[in-house]
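Look for subunit A in each of the two complexes below; its partner is subunit B in the first and subunit C in the second.
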Partner chain A sequence: MEYSLYDFRGASLNIQIAIIFIFIAVSCTVIAYLSILTGRYKAYKREKKLANLNPVIDNLLMEHILLNDELASNVPAEQVALPIEVFQLPVFEKKWARQALIDRLIEYRNNVRGSMGEQLRNLYIQLELDKDSLRKMKSRKWDKKVQALAELSNMNMSIADVTILPLTNSRNRELRAAARHAYIKLSKNEPFKFFDVVTEPLLMWDQVELFKIISTTEHIAIPNFAQWITYSSNKSIVSFCLKLVVHYNQVSAVPAVVRLLDTKDHYLRADAINCLGKLKIEDVEEKLLHMYNSQPLNCRLEILKAIGRINSGRNVDFLRQEFLHATDFDVRKHAAKSLIKNEWAAKGLIQELIDTATAENKLILKHSMNPLIKF
Partner chain B sequence: MSNRILLVEDDEVMPKIMERILHKEEYKIEHVTNGKEAFQRLEDTNYDYDLIITDIMMPYANGFEILSKVKTRKDGKPIPVIIVSNAGNEEMILEGFKLGADDFLKKPVIPGELLIRVKRLIMQYAK
Partner chain C sequence: MENSIWETIGRFYESTVFIYGTILLITYALLAVFSMITVRAYARKDKFNQENILLSSPLAPGITVLAPAFNEGLTIIFNVRSLLTLNYPRYEIIIINDGSTDNSLEQMIDEFELVPVDFAYNAKIQTKPVRKVFKSTNPAYAKLMVIDKVNGKSKADAVNAGINAALYDHFVCTDVDCILDKNTLLELIKPVMQEEKKRVIATGATLRIANSCEFDQGVMTRMRPPRQLLPRFQEVEYIRAFVLGKMGWSLLNCVPNVSGGLGLFDKEIAIRSGGYDHSSFGEDMELMTRMCRYAHDNKIDYAIRYIPKTLCWTEAPASVRIFNRQRTRWARGLAQLMYAHFGMFLNPRYGRMGLIVFPYNFFFELLAPIVEISGIIYYIVMACLGLINWPTAILLLVFVYTYSVMITTIAILWDQLTFRYYKTWKEVAFLCTTPFMEFFLYHPLIVIFALRGYYYFLTGKKSAWGNMQRRGFQTTQKAAATVTAK
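Coming up: the complex of A and B.
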């Protein structure tokens, strides 16, 4: 060792740096391998313990809950006294085993509903597993909070607004999504209240996630989205509400959407036009036509699409004009598509255009007439 | 003789629940975890089942492929098929019925309802 140290001191600077670099690299590799091995060993131990415990839990749940004829009565689930003493095994005093029981209960709840599903929830409460979940809600770690939110929402347990609302605005994307999901599912009266407190923009992906949650959650109280379209200062919330108005065909929100046509933000204006088109509001067609020439390209395209969707047949001459004389390709394409959608009022006109159009225009028309092509 | 039911399900918990519920009524349940195994089992037994309960989304071959194969078979006795799936959107349900599914249950299921539907279909096809 002394000799090696002497050699190291006597070596040139390049060699010294190389030796230090090799030493650090080897140490890091050994640490990385050790941590991977430790992680795998822990996971293996956990799997082994669970492989022994899960059949015990399955048997207990099957024998004493799912196949227990005494529980299949007309008495409300919360009033039924469950045989909880059979679940009070020494193993369930350990944290990991209680977590395994919670996870298993959730898996069962995902597969059965009705009175049996309610009994599983009842068991979760009577074994005080909800306290474990609430404890995790107070954890500093975001993944524990996400886990707790998933457990509480699956078990349909209410969470105080003061606890959950701040989480719907969390900077952590996973936590934010889990909190919003839980809030929509658990809040009986105002599932969209968190729209009031959202300060950060709803990213496109957030909107996709939220839309999925909202459209797949059953028995959800749908509010009038006009309140956020009118008053929210968060543009992404307004844009999202416009999509929800379309999804729920909420005609009562139309006056608020029409007012949005005067906004200075052209992205929002385009969304509002899109919404009105999809709702097929015939009354706004004249207003859209009137504002057409003063709009940026995205709004003009939305107006053309809206005329196609409204399909009143009153503006085929305008569409023809745009199709023949616009310089922008997208404008011509959408004018053609909308003309085809108004075919019932423009049959002769479309044939005339096909007969007299240039090669490119003919191609656009043929393309628009293909029912399989949507844009 | 007890009726034979082929259960095609890749979930871990659902087969345990179904086995217990249906076994109570003396149905004989055989469980496979994916479409490929289901095809193999059907070929090996010469389609000797009184009912097939299948999930939709599974590895190797999905529930629709199993359904299609069972329902387009020309020889042998007709076998009723129940789809039990998480996917409850309109297109999937319609696709299932178009391919000849006899029933569609969305997860989570009500155990009693499942049992009644199974009994009804087996009795209907036994006539």
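Coming up: the complex of A and C.
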């Protein structure tokens, strides 16, 4: 050993560095193997513990809550005395077991309706599991906060606006999204209030999540989305509201959508045209036709699609014109598709076009008429 | 005098290689740290993402899946069925039969009840002529479309035909012999939908070797490290390249390439960039480079994202002969790419692409085999002249060896800590022994095949795509069935 140390000191710098790095590399490799070993072992233990505990929780919930005849009566949920003593097992003093119980309660609550869901919520409160969630809510870690928000909103526990609203603008996407979902689900009076305060853009993913929450939450008061279409300075909010207008077939918002046709942002304009087409607003056809020639390609395509969707049969000549004379392939294809949608008013015209069109246009028409081809 | 010139050259060479090696080792160490950050961040965020939300959403963006096929008759039905099981609300599958000379097309026509349709094909990217387009009369296969075209002698030409026919704004490019995870589309579109400021022009995910995995009706049911040594080396190499390399680069938004086996692309940018280059042997990397170049030229603030999750399994060459063919082609593609886009090299106009990705690829991907082979020759010459200090040389060799084992082991560790794909301990241990042999058995092959690729590039030797001589996944199933029956 002494000799080796002497050798090391006497070696050149390159060799000394090499020896140090060999030592580091070997140590890191060994540590990596040990980490894989311990990681797998911990996961195995965790899974085993949960595999043992979950059936216990399931039995308790089934026996004492879900299949309990006394709880199935018409007595309001909050007046029923729950057998909480059976849940006070020593294992539930441990944090991981309480978390498993919360997860299981949420799972059951998501799968039952009516009073039974309320009983599960009562159980959550009476076992003071809400305190665990609130403790997580105060954590500085974003993932704990997200977990808490999910638990509280799933259990329909109210959270103060002052706590949630700032989080709806958090820089962390996951936290921001969780806060918005919780706000919509939990806010009793104005679930869409955060639309007024949101400064960050609603990402495509956020929109999908919010859409799901809004369209599946029971007893939610749907406002007139025209207010945000008209006044919001956040383009993503406007775009999202247009989708909601279509989903709720909110004809009362149409004037606001029509006003949006004058916006300078052509992406938003295309969204507005799309919305009007899906709502099948016949009155706007003239305006759409009037603006058609001054529009960029995406808006022109949306106008052609809208005319097809509105299906009034009044503009088949315009569609014919575009189909025959447009130079852009996509414009001709959309015009053909819309012509076919207006077939009831253009039967003779379509046949005439098939007989006289160029080979490429004929192919476009046949393509549009083929039910096997989606577009 | 003559001696002193040789000594000076020798010293210069040694110093250059020393600096080169040091930078490479530091880069790998940094990539290990960066990949740890991105993989952990991905895993933490992924816990809260509910893909199911997208499944029932009318707002889900549409995706076109493109799978070119050339003489894949052995597995074509199995693989198309696998694609049909993908979990996504709005997608279409386009199989491009690139003039196969086997019965791939006939098999598909029979199996999926296909009929020719009048399809208005718009050749935004020039390709070899499309003969026919088929759609299924069976509503169960409404998502499927088959394009039959004249052989374009490249995968690129086939994919370009698919891009021309694609309906949606994003397309996923895969090989028809690849097996995809059922949630592949959900996972690949997520980074596009979750990006806050940039336009995500491509998303990639980890690929793994399918050779010893078990499949049922085109769905992967049991993941195993390959039993054979050569595919197992490739499994380890893929883990290192995807989990450590590409995830590390993605932290800097410097992903050099989205694999041809699986990648989601922005169709508009791909078309405007001219689509895949049919003359390239590394068409995936070439397209990525051109898309980045286009984005820079048009001031598009772009991003390329990578996912550490394994979403695709591909059959790896199990024989040295086929492996040689594959790696020679890849090396030739890299040389072609560097030659074609050398204007980007250290060009600040191309941002990180020009200042980081390109120099890295040039020095540490393209030149690496040349530096290595020159080092070996130098070593041999010095040994013959008796000028080697053997204890020092061996020590340095041990250093490089232990370092390479460490880097690969770290890649396996990130993979294992985050996903734990393998079911048993034995399988993990089996995989962990592989890096110890890689240095001696696998790495020399890579170097030789890469040099062969460069030679072919310089001499312009002709070569065609495809013909990987696949054994097919059914063999695994049949084997498993036989074992069960016994």
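In the analysis below, the second predicted complex is superposed on the first by the 343 of 375 C-alpha atoms of A that agree within 3 Å, B and C clash if a C-alpha of one lies under 4 Å from a C-alpha of the other, contacts with A are read in each partner's own complex, and residues count from 1 in each chain.
Basically, contacts are C-beta pairs under 8 Å (C-beta built on N, C-alpha and C of every residue); 3 or more make two chains touch, one makes a residue touch a chain.
As the structure is a computational prediction, the values presented were derived from the model and not from experiment.
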Touched partner set for A:143, first subunit B, second subunit C, both or neither: second
Touched partner set for A:67, first subunit B, second subunit C, both or neither: first
Winner by number of subunit A residues touched, once subunit B and subunit C are compared: C
Touching partner for A:161 - first (subunit B), second (subunit C), both, neither: neither
Contacts of A:36 with subunit B and subunit C, given as first, second, both or neither: second
Partner chain(s) touched by A:373 [first = subunit B, second = subunit C, both, neither]: second
Touching partner for A:132 - first (subunit B), second (subunit C), both, neither: neither
Subunit B versus subunit C as contact partner of A:343, first or second or both or neither: neither
Interfacial residue positions of subunit A with respect to subunit B in the complex: 58, 62, 66-67, 72, 104, 107-114, 116-117
Parts of subunit A lying in touch with subunit C, wherever the complex brings them together: 12, 14-15, 18-19, 21-22, 25-26, 28-29, 32-33, 35-36, 39-40, 43, 143, 146, 150, 173-174, 177-178, 200-201, 203-205, 207-209, 211-212, 243, 247, 329-330, 333, 360, 363-364, 366-368, 370, 372-375
Footprint of subunit A on subunit B - complex, ascending: 11-14, 16-17, 20-21, 24, 107-113
Complex contacts: residues of subunit C adjacent to subunit A: 18, 44-45, 47-50, 53-54, 56-61, 92, 115, 117-120, 122, 135-137, 142, 167, 190, 192-196, 392, 395-396, 398-399, 402-403, 405-406, 409-410, 412-413, 416-417, 420, 425, 428, 432
